[in-house]
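In what follows, subunit A forms one complex with subunit B and a second complex with subunit C.
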Partner chain A sequence: MKKVEIITRTFKLDDIKAALSEIGIKGMTVSEVKGFGRQGGHKEVYRGAEYQVDFVVKVKIEVVVEDARVADVIAAASKAARTGQVGDGKIFVLPVEEVVRIRTGETGDAAV
Partner chain B sequence: MNASIPALPPAAQRLRQGRILLAEAAAQGELAAYPVAASALVDAYFRERLDELKAESPALFAQPCALIAVGGYGRSELCPASDVDVLLLYESAIPKHADELSRGLFHPLWDLGLDLGHGVRALADCIRLSLEDTQVLTSLLDTRMIAGDAGIVARLEGEFASRVLSGYAGTFGQWVLTHNAARRAEYGDSSGLLEPDLKNGLGGLRDVHQIHWLMRVDPALKDGPAAPFTPADLDLLRQDYAFVLRARTALHLAARRKTDRLNFDLQPAVARAMGFTGAEPAQPGEVQAPGQSALATGLAVEAFLSRLHQSMTRIRAMRQACWMEAFPPQPGGQAEACLQPAATTPEIFCGPTGMALRDPEAAAGNPALILELYVAAARQARPVCWSALRATRAALADPERRAAFANLPGILPALVEIFRASGQPTESTPPQAAPARKQEGGGFAKALKRFFAPAPAPEAPGQKDQPAPADIAPAVATPLQSMLDTGLMSALVPEFGPVEHLVQFDDFHIHPVGKHTLEVVRALAAMQPEASGGAPGGDLSPELRRQAAELPHFDRLLLAGFCHDLAKPDRDHSGAGAHLATDVLRRLGADEPTQADVAFLVKQHLLIPKIATRRDLADESVAAGVAETCGSVERLDMLHLLAVADSQSTGPRAWNPWTASLFEELVRKARKLLVAGPLAEPHAVDKSRHVREEALRLALAPASGKPDTGKAGTGEPGVSESPLDAAFAESCLERMPARAFLVLDAPTIARHMRLARRFKDSLDEDMVRKPAGKAGIGVAEIDAVPVKGRAFQVSIAALDQPGLFAVMAGVLALHDLNILSAEVLTWAPGSAGPGNSLAVDVFLVQEPAEGLFLEDLWARVKRAVGYALTGKLSLEYRLEQKRSSPLSLPSRAPKSRRKVRVDNEQSDFYTLLEVAAPDRLGLLHDLARAICAQDLRIHLARIATSAGRIHDVFYVRTGEGLKLTDPERAEDVRQALLSAAQ
Partner chain C sequence: MNAADTAFVLISAALVMFMTPGLALFYGGMVRSKNVLATIMQSFILLGLVSIIWAVCGYSLAFGTDQGGIIGSLEYLFLNGVGMEAGPFSETIPHLAFMIFQCMFAVITPALITGAFAERMKFGGFLVFTTLWILVVYAPMAHWVWGKGWMAEMGALDFAGGAVVHMSSAAAALAATVVMGKRKGHGSTAFIPHNLPMTVLGAGILWFGWFGFNAGSALAADGFAANAFVTTHMAAAAAALAWILMEKLHSGKATTLGAASGAVAGLVAITPAAGYVTVMPAIIIGLGGGVFCFLGVLLKGKLGYDDSLDVVGVHGVGGTWGAIATGLFASINKTTGLFYGNPSQLWIQLASVAATWAFCFIASLILFKLVDATVGLRANAEEQDRGMDLSEHNETAYQA
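Now for the complex of A and B:
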């Protein structure tokens, strides 16, 4: 099993959710996060004083899937999230050791 | 590992058991019964579960309600991974305990892993929602009561019919149109794809649903006096539907998850489950089959796909016809069109839905009339209406009448007229081949996609119901498409029959041959200057348009387009095709010059693609060879246009701006030789001198004004480029190989001189810092500029050393840069310090995905070359790591054979090593390493990749600078390359 973390623009959330649902992904966890990448945050002018905004608001989508589906998830998510501009975000893939569905006690792929 | 599934209620346990047994039976071949049986099992579950709940807490049923199956479940067609869509319906308000009831009903289904779509609604909400959201409406068109109060269901049906359906046909028709445009963009025409989508692709199950929906919405289509379909038509539709549904069931079982795309890797299993065993005897010519079982699998898949395409083609044609009958285009303006003489006979007239026959029944016995109908349709640019298509099918069903078609007089002029009129894109045309429509896709297609995404927000869907309907023209088939769909084409030209539905189970072909032929003819017809009717012929360059406009015999080109693949799957399909084309044309009464030209075009239709992508175009003898083969400008132009149409129609991966620019370069050179003779090309020496002088001038000028380098940069962004020292520039020119002046232009040579200076500076510094013996090895400099054809020219300079080319190719692959061609220029000794030579390898790479931080990219490439040369970066390991990443999906298609040829004939100075193999990451690196290990030097590499297969040609010489003439050594090299291409 792998966890796929997609960090991208907030307004892309719906598109990504739709794209993932379409390929049969049934669950995800979404959180609002802040950070910066190559663009290094952007500058904003506020009340006449320019100051550095170091962190940009992004959305983080976490999906846990069986290994064989990782490539599909990444293909669908990156297609939906891509604008070709700086700030499209990144996708991380991490190994997952075990999953337990609390209600039933199911584990492994069955619990994903 | 797994804990047992939590305590399931008995009803759910029985459902689970039942589904397991059903899947086992399906695996034994009982596919057809699955959808109905699976639906019945779920029905039984709901009824039993309701009884269980009633026994547990009767209070839940205080208010009457009904459980209704909707959508696919409503139609009783549950495939193994289908959604189960149900509706819990209440008369008026939804009571509080509905929550508990639905939990009790639905949660066990979740635990079983079923995809459940459920709604709990009051009657009035259902009606309101279906008026707002067509998706809800279509689900309610297929309802089936499972349990509960029949009175509520009857009231729902009554209100649905009176308040929603009556008068709704127009809006619904428009919705179908926009929905189908979105389907075409997303899934393509499944009736002509080798990886079809069985549900949503055009020709898929969704088309059959639409026919039934249209009949529900407009009952006149079903049993009105002008109902388009006869009981026999509907019976055929039922059979085709059953076939595709069986295939979908088999697909779900094979994939073990919900998927409707019949991918290559699942095709063998599905074909087997459908009873296609491929046990037919192999063709007599097939002696080198890799294994008998693999061959049988291939044959089984080909037979299955061919059968599937035929079903899907009929389904698509019927859906088109049904829509046209329901919504005939511009009923007002049609009357005028009818006044024009449509044909020489009054039997044919221009009806509201297309060209029609006065008496279709009688016409079925008159082949000449049927042919004339298609010609008249082509002349009027109208489709052929359904009743006439039926008459065509009826005529073709009778073997005697079918045979009579081939002997009709006037087939040839009829075909030519129909071909000429087939330029506009049809619904089946892949979207990328019809740019006129693509533009309107964008935001609109996206809006549609969101609209059809699962679980749409219930508040807002209504407003998107009328999204600019004027933008979407109804999908009509050209007469040519209809001739293919009905099988008329193969009756007129029996030689077309064997290839009509021919599918080749490999990675190279995207369409069956018949459909591909149709697309080639369409692309050619669209090139005619008069074919401007709103459909420009793809991304055609002005040069090609001019060539097409000037052709004196366009008909011959169209006929060649039709005949070019007739001899497939023969090993030498162009050679055999030329004979076949001559036979066909002679029988049809074509004159000698037409026969000769068409035979020539068919025989040579692969000449330009092969030569342009695999040969050294700077070698004048290459263009001379093409010019000699063609003999005249007219033939050359026709061959060029045919090659472009053929490549465009093969699929998106076979055609790109880079290939187009190679075709044009080759044709331009060959054309020059034909028009002005060999002396037209400035003498090589003169040309070299001219380039040399110009390069020197550029090098000595300040390099500030370098617009062509643009944002690409040079890898040394901070360094400003001052003019070169004259002595240094002269020494560069002296040491450059003579070939550089032939294949590079003056600005590139000037840039290479600057590259050499940067290299020298870095080398000097390295010499100071490192001990002799180690110094200089890892020094590399890079220069990259954008060039024509959406590509970049990347020149990398390093000390000449064995394996350098392999290292550079590996580094570029590691950075996801797709190499299109490569040139190795080794400067004379002394160019990189005493006794050392400078090597400048010039790569043409496809435009990188990274368009924003190119400077970074080139700097990374440069560093990686340095590290790899000094042993700090193991390319083999890194490439292997990249290959084994879960993200690098191996191609799912069956592998094509590997071939290596050693050729000493093509070039006077080099031995050509031609390698054809399935593509993979780092293949060029491995091939180059193998060549280097054989003590051969690569001087030029042409890299052609098309649809998952590479065809690389290396121009090599031995370490002593000679051609590889020893047959034993040549065989060693061949074996080494074969093994490297694994």
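Now for the complex of A and C:
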């Protein structure tokens, strides 16, 4: 099992959710995060005083899937999230040791 | 006694009362989220503290029989003798109506100061300072200008409180920045407003309440009240536009905070003039308010003092400009300014401006030093890091 973490533009969330649903992904966890990369931050001005805001708001989508489906998830998410501009974000794939469905006690692939 | 006048002044008093929670939101939106409750509290609790001081002795000191032009007598202590009959300041409304209208002015004035020391003031020191300030600074100022004291005798014009409310609070604000120093992290941390919609709502409430503040100061439901209502509105409108135009020229974009700040700057600037000028001069006063206050706020960055929410830039600059402009444009209500052939009015206005700044700054400086040395004013670095909401009030505005 692998966890796929997609960090990307907030307004792409609905598109990504739709694309993942289409390939049969039945659950995900979403959070609003801040960070920076090559895109850098932006300038804000309050009463004439300029502030550099380094952290950009992004959305993080976490999906855990069987190893065989990782490539499909990456392909679908990348296609949905890509604008071609700096700031599209990144996808991380991490190994997952164990999954437990709390209600039934099922474990492993059956619990994903 | 006149029923229409009485109804109008009582409603105006309620409008002015509403300005203080409006100011709480105006300021509250501009601080960081960890300090929003403490900032709101510093305005809101004055509806409690100052009202009681006013009833006990504040009103009497301000509006009791004049003692040598300096202060009122103690005849109205505990509101003794302030009753349902028409009072000494108006033939047509109950003395109690005048008293409560003035009470709301006394409440909001020290609330204005709180913008200067936002995000670093201890609550106890704040309450002690405010109590002293009402007795030592506000009551004499109100007496001098509206209680038949020496500024009124001199002929200084201050319709609704350019000196009594705005310059006095701004001078105290400047004294606060001198005594208390900068917030922790000033210059390195970004002090970004946490909720500008809250600030704009607060500015809207202030604008609404200001009709009571200025038109109500006519103390009668008459043409002068209507004139003050219209001049107030038009000055705020002009200043909001002037401020965002300055922003566009200065940093490229008009901002929401700028529109809200500009409206308040215009309201401040027209306050001393509202009952003495006609509508077109009011628009000029508003435009000046927007431009000068915007520049005043920029000046803070150049001078390097930490007036957190620009009390000096908005109320100090706006109040001073308004007092001078009154000396230029006054033309109704038995007044004439420089542009209508009476240069001496301008000199009187300048003298009242200088005296107000000098007295209020020095007296406030002494009071701040006194409270700092006894009760303490400034939250330490750790308390500022945790935020004033937690460290001073044991609560948090927004639960995750």
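Note that in this section the second predicted complex is superposed on the first by the 112 of 112 C-alpha atoms of A that agree within 3 Å, B and C clash if a C-alpha of one lies under 4 Å from a C-alpha of the other, contacts with A are read in each partner's own complex, and residues count from 1 in each chain.
We take it that a residue touches a chain if its C-beta (ideal position, glycine included) is under 8 Å from a C-beta of that chain, and two chains touch if they have at least 3 such contacts.
As the structure is a computational prediction, the values presented were derived from the model and not from experiment.
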item: Partner chain(s) touched by A:Ala110 [first = subunit B, second = subunit C, both, neither]; value: first
item: First, second, both or neither for A:Val93, with subunit B first and subunit C second; value: first
item: Subunit A residues touched by each partner, larger count belonging to subunit B or subunit C; value: B
item: Subunit B versus subunit C as contact partner of A:Glu66, first or second or both or neither; value: neither
item: Partner chain in contact with A:Glu32 - subunit B first, subunit C second, else both or neither; value: neither
item: Which superposed partner A:Gly24 touches (first subunit B, second subunit C, both, neither); value: first
item: Partner chain in contact with A:Lys2 - subunit B first, subunit C second, else both or neither; value: first
item: Contacts of A:Gly84 with subunit B and subunit C, given as first, second, both or neither; value: first
item: Complex contact set, residues of subunit B against subunit A; value: 1-3, 5-6, 111, 257-259, 449-450, 453-455, 851-853, 886-887, 889
item: Partner subunit B, residues of subunit A touching it in the complex; value: 2, 14-15, 18, 21-22, 24, 38, 67, 70-71, 74, 84-86, 93, 103-108, 110
item: Of all residues in subunit C, those that touch subunit A in their complex; value: 190, 192-193, 247, 250-251, 253, 255, 257-258, 261, 294, 297-298, 301, 310
item: Touching residues (chain side subunit A, partner subunit C) in the complex; value: 44-53
